[in-house]
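Both complexes below contain subunit A, partnered by subunit B and then by subunit C.
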Partner chain A sequence: MNIAQNKNILIFLLASIGLIVFPHIANIPISFFIFFYFLLGWRFISIWKPTWLPNKLLVFLLTALGIALYYSEFQGIFGRDAGTRLFITALGLKLMEIKTGRDLYLITYLAFIVAASQFLYEQSLLMGAYILFVSCVLLATLVTINSSKPEALVALKTAGLIIVQSLPMAVILFVFVPRLEAPKWALFNEPRQTKMGLPDSMEPGSISDLGMSDELVFRVKFKGALPPPRQRYWRGPVLSYTDGKKWSQVSNMRFGRYLDKLVLKGQPYQYTLLMEPQNRPWVFALDMPAEFSQTLRRNAHYQLITQENPNIRAEYSLTSYTDYNTGYLTRTELKDTTQLPSPPSSKIDQLVKQLHGFDSPQEQFIQQLLNHFRKEDFHYTLTPPLMEENPIETFLFETRRGFCSHYAAAFVYLMRAAHIPARVVTGYQGGELNQTGDFLEIRQADAHAWAEVWLEHKGWVRFDPTAAIAPERIERGIDTDQLVPGGAISYAPTSAAAQEALNWLKQTRQLWSTIDYKWQRWVINYDNKNQASFLSSLGIADIKTMVYWMVGTIAAITALLSWILLYQKQKTIDPIMRTYNRFCKKLAKRGLIRGNSEGAKDFAARANQTLPEHASTINHITALFIKLRYGKNARPEDLALFNRRVGKFKI
Partner chain B sequence: MQNDTHHLLDAANQIILGKSHKIRLALCCLLARGHLLIEDIPGVGKTTLAHTLAKLLGLNYQRIQFTSDILPADIIGATIFDAKNLSFKFHPGPVFNQMVLADEINRATPKAQSALLEAMEEHHVTVEGKTYPLPRPFFVIATQNPSHQIGTFPLPESQLDRFLMRLELGYPNHEAERLLLKGQSRHSLIESLPVKLPPEQLLNMQHAVTQVHVSNAVLDYCLAIITFTRTSSDYHCGLSPRAGLALLNAAKAWAFMDQRDAVLPEDIQAVLAAVAGHRLRAGNNDSAAIVAPILARVPIH
Partner chain C sequence: MNIPSLKKRLQLSRFFSGEKTIVTPITLNQRRVFILPTHRGLNFALLTALLLLIAFVYNNNLIYLLAFLLSSVFFITILHTYRSLAGLVLQEGQAKAVFAGEAAGFDIHINNPLTIDRQYLHIVLEEGQYLSVKALSNVTVTLYSATQKRGWHTAGTVTLSSTYPLGLFRAWSPIRFNLKTLVYPKPSALELPFPEVPSEQAQQGFSLKEGDEFHGLKSYEPGDPIKHIYWKAFAKGQGLFSKQFGGENSAQIWLDYNYAPGHDTEERLSQMCRWVIDAERLGLAFGFSLPGLKLPPDSGLLHTRKCLEALALF
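Up next, the complex of A and B:
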């Protein structure tokens, strides 16, 4: 029977192809997706209704339709998207003309390409596992095509075995084959959907519900000890300009070279920071970043900016000092950080006066203000009321409910009202320690805003009014597991019972996060730089040694596998067969090789013809073998004799 | 005991020239208590072989010429009213003989065919509620014309399975044919043949064949062959368990004729074409070609 008509094979093939194209739903226009699955469905039905298959003209028309579709969404011939669409359309059309076994092979190989193309879009561990699974199904299809009695489970098992056997080789090739860096112009720079990151401005009054997600923003792994939680401020954009409602970055940032020399004190923190893809070039370093790689730049607001594409996950090695002095204040900074849209209202002036803003040292005033937040009826909430008009005053005197942005904005405003240079800093605060992986995970929910005040002899000093009102927020972090949108904010539970209940969930998540981190760190980010450093840690310095190592390990694995296979085979053979095989080996030296299905008697007869001078010995040995192996009553001494005769047999 | 078989084969080889292997297989089939199907074109000595064997074994022999109008009663017999005794009396048909030659079996209708085949399988005949045992030994040699000839009803697979072996005689070789043409008439030669193996001795031998030892190694090989036929794409359907038993029995008989008390893989290989060829029926009639992949690809360990 023609294998191209075998139902089992076709069902297997079509199912695996359906699985392969499916994850591309996020990557190709929906029209391609529908077109492909329409063709696949058609072909599937045609397994039972072969007459429904399109004839040549219809196939031609379908092809024309495919080309039209391709042209309608035309994005050029080169590039990732164009290629993927072309392959998927071609795969769908090829399904309509399965005529011979060759077509099946062609489709299977096309499907492998489509499966691999998924990695151009996503490189997560889960997707890797999924692609490995569909590759297994595809391999099983190949197994099915080549077996006489196709059985799905057996084929899947065989395919799984093949994949497992090939994994060690794949790992070795992955580690040792020189990594190719794609030239810059060949990078896939198609727009991609990036997760919403931190905004570059803030408008606390217009937000009544701070949507918080536990989406990962970056991970940090410290070389040594971790900074205490109250020092974990990850610096993002600095917002100096305000129009009374909205806070945004100043446009003039070219004063960097006029800044005073940064004085760093205390203990340095060395760490690697793994940024998730984002749409802004911001790198959230621990306040204050001191040493960083060439691709990064520290702007005038001490924020790190990357010069590379932030759309891909990137890893940075950084050193920060939590104790620092930024020195004097430049004139631009003074202008920017004391700016107010209009003179403060009398109510504000009243408050500043009440807190001795104008007549006491600056630091005392700050303490007074923080005490004011603490003592008065201020509340920390993620669902504050709207403050459309005059948000600062409404917040300070009426609603008194808000989250970090409200407090930071009000704090900075009051500072400026007292003529003290101050600005809002946004970024992230805290982060959850992943116990299993020993790294910090900073999620979207850790987004934070705090204030910086310039003090004489101290430079810019961080003050976090939120810490005054809700110290738990800073010390413990928000428990994102328990965040209920619109509900009251919940901090990490303190009672042992509640902790217990959530423990397993947390551990599972942390374990998964660790695995994902390692995957990013060791697989996805394994570029030629990482490869070089990893290999040099193994003592492999140049390409030549690398190739030697690769060939050597592959040879070692091959040797190990063959030894295992051969050893197993030898063990299952009984002693009679082993001796007889020795006898055959001796005869093989004279060109007498026993056929796979040649019986001992026939072989002896053949041997006698070639070696008449040994006929009697050969006959005797063969007779003994037959007696031992096939006979009714063989005795142990026969085996001994047989072994002896074979041992003595020489030609 | 085996010497007698040699004498018998020698005598048979004098009659049917150049077919010693086929004759040996035919005797092997007999010793394994199986029935034999000879399939070939007319005139190559099918009937002569049957006749010779019957004569040499001293068996009562009857030939049934199958035609398209033969009835079951013509084969197994009929109950006829006896006017003298005023009672019904069963008149046994030609099947009540130790050796039956069913000539051109595929020319008869399926009904007649199955009457014979049932008798072969059951070793007795039931007519109108009364069971009559068949003589022992009971051996049927059926001949069959190639089924593409006009006016034939090919035996279905299920009935082919009742025959332990199928042989094709084929044309004699040049030398044998020359001798044949030169020599006496086969008929007169057969008439003058002495009995080489009386029936009691044949029964003894048949019993001895069952005592031949089959080792695990041979069983493994036999199973490997059966599994191969079931999984290979060369065959429509594999060998049935009955076919497996037949193969082993024939191999035992072959080993016995070779004066051995244990079966070797070579014995299985020797009888494989004759035993498995008609059961696998892979599109052609050439048994040797049908089983060639088995012989080539199933390894002996």
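Up next, the complex of A and C:
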């Protein structure tokens, strides 16, 4: 019978193909999706109604329709989207024309390519597991094609077994096969859905509701101890220029080369930072980054900028010092960081005067200002009132409600009013410690703005006015678990039971994010750099040792598998026969080979003639064998005795 | 079993026609089973290469992983395919003699001594057939080989192969059994009367026709025609007896090569064969004469077979 018409095989193949294409629903235009599933459904029904299959003309028309569809959404011949669509359309059309076993194979191979294309869109652990399962079903289809009686369950079991046996070798190949850096062909640069990162300017007065998401921005794993929470400032863009409402970066960064030498003190923190894809080349290092890889550069604002595509998840090895001195102030910096759109109003002047801004040392004034925030009726809220006109004054003297940006902006403004160089620094603060994985997760909700003031002999020094008003924001961070559903910040637990449930939820989430972190770090991001560092940790430095290792482990796995697959057979024969065969083998050494049709008794008689000195043993063993194999009342002790006698039998 | 030398092992002919004929049974082991990828397997390797290329271009580790997984599957399938043949024990069975032009059937017993099912084995002599052998069981297949000439017919190499489980590799084992059978001459299509042999021979005591006259009973011997069995005596429980006909006056046939019509030896033998079959079918006793061989008149299967063998090997 033609295997291409076997119902079981077809059902299996079509079902697995339906599974493979399904996750593409989010990635291809819906018209392709419908076209494909229409063809699949048609083919499925045709299993029972073969006359419904399209004839040649209809297949031709369908192909034309497919091509038309492809051109209507034309996106070039190469590239991810175009390729995926092409393969899916081809797969759908090929389904209508299954004539021989060869077609079944072609379809299966196409399906593998479509399965792989899934990874170009999503690389999560769940997707990996799903594609693994689907590959198993596809292999099972091949098993059914090569079986006498296609049975779904048996085929799945066989395919699953083959996959399980292949996995160790695949992992070894994954670890050892050198990763080459592919040339960055513009052709394949796909626009990605990047998450909204930190903006490059801030306008606190125009925001009345700080939208906060728990979207992951980056993860940090420290080599040694973690810095204390109040030191966890992740430096982003520095905003020096203001028009009174909006704060933004200065474009002129050429003063970088005139900067004083950075003096680093205290304990270095070594860590790896795994940035999620984003649309700006900012790398949020712990303040102050000192050592970083070649692909990064530190700009004049001490912010790390990557030269690679930030759209791709990347990992960086960094070293930071929380204790540092930036030295003298350049002229450009002085100009930039004392800039004000217009002379401060009299109200502001009066406030500065009241806080002794003009007649006391700078640090004293800063303390006075922070005390002012603390003692006066200032509040920290994520939903402040709008301040369209004169946002600084409105905030300082009227509303007195705001979040970090409001405080940082007002603080810097007052510093500049007192002729002290100051600037706003944005970035992230804090991060949640994942207990299971021992790494920090920094989410979008951890976005923060603080101030930097230049002090004589100390350089740029960080001051966080938000810490003065809401120290728990700095010490504990925002509890995103509670933030997301309610929308408001809450620092206090509601009830014990609720807390316990939340803790449990939190633990589960932490466990999952640990697994996800490891997946991202060790699987998705296993590039040539990570590979080199991992292999050198195993003591593999050059390519030759690597090849030895790879070949060696693969040979070991092959040997083990061969043993499992091929050697087990001896164990499985009838135990009586096995022992008797052993007995025969021993006699065969003396040239006594039992003929095919020679009975045990005849053989024993012949053996006795050649080996009269062993006659009694041979007879006993033969008698036991006959009793065990053909006798009615053989007991388990007989088998044990039989085994023993054969074991001791020596000639 | 002697192990072949390295030179013998590397001979190309081993791959196609198998090793020298060896006394059966034959256990399939690593020396007898060969494996190569099929076309589909090569395409699978191509697929893996394509996936690797995609992984390289997009720097996508999961596609790398999938490609590596598929290459491992490819590799491990070698072991699985080998396992689908390894350990099977093959033994040749009986072969029946045939007339030239018929297909000779050879029985092959396949024994599976292991606990794994053997799926979708393909066994080929001249035409192939598919079979499966369940764990710890035996299967007998009959393979046919077309015959053309009388005499000893030797069938070629039997090839047992399997592409289980994925069809990416084909494991095969060419086995040269000692498949031999005797081929009788093709019986002539002409229905000629039995030859009339001149009287010198008749004077020797044999007449041309078998008499219908009942002559007596003799105890049954294997080969006596069934219709000559004296069933009445058997029904009474007196044992098996054969009725004998003929006697002085009863006619007997004498099949003589010299009197067989035909242009050449083969045609004559063919005619002789026809007569022998006809005589056997009619249950007649007949004498048989070839140059250099003379068989006294007799009847029965044994006698017929002796005659046919003589014809086949003449």
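Structural remarks
Here is the rule we use: the second predicted complex is superposed on the first by the 508 of 651 C-alpha atoms of A that agree within 3 Å, B and C clash if a C-alpha of one lies under 4 Å from a C-alpha of the other, contacts with A are read in each partner's own complex, and residues count from 1 in each chain.
We take it that contacts are C-beta pairs under 8 Å (C-beta built on N, C-alpha and C of every residue); 3 or more make two chains touch, one makes a residue touch a chain.
Note that the structure is predicted; figures quoted are calculated from it, not measured.
By the touch criterion defined above, A:146 lies against subunit C but remains apart from subunit B after alignment on the C-alpha atoms of chain A. Judged by the touch definition given at the top, the superposed model places A:632 against subunit B, while subunit C stays out of reach. In the superposed model, A:263 lies in contact with neither subunit B nor subunit C. Once the two complexes are laid over each other on the shared chain, residue contacts for A:596 go to subunit B and to subunit C alike.
By the touch criterion stated above, A:515 is placed in contact with neither subunit B nor subunit C. In the superposition on chain A, contact of A:34 is made with neither subunit B nor subunit C. Shared-chain residue A:174: touches subunit C; no touch with subunit B. The partner that reaches more residues of subunit A, of the two candidates subunit B and subunit C, is C. Comparing the two complexes, residues 148-149, 573, 596 of subunit A contact subunit B in one case and subunit C in the other. Within the complex formed with subunit B, the residues of subunit A that make contact are 148-149, 573, 577, 596-602, 626, 629-632. Those residues of subunit A that touch subunit C in the complex are listed here as 80, 101-102, 105, 109, 112-113, 115-117, 119-120, 123, 127-128, 131-132, 135, 139, 142-143, 145-149, 158-159, 162-163, 165-167, 169-171, 173-174, 177, 179-182, 185, 188, 312, 523-527, 558, 561-562, 565-566, 569, 572-573, 596. Touching subunit A in their complex are the following residues of subunit B: 213, 215, 217-218, 231-233, 261-266, 269, 295-301. Of all residues in subunit C, only 25, 40, 43-44, 47, 50-51, 54-73, 75-77, 79-80, 82-83, 86-87, 113-116, 119-120, 130-132, 163-168 touch subunit A in the complex they form.
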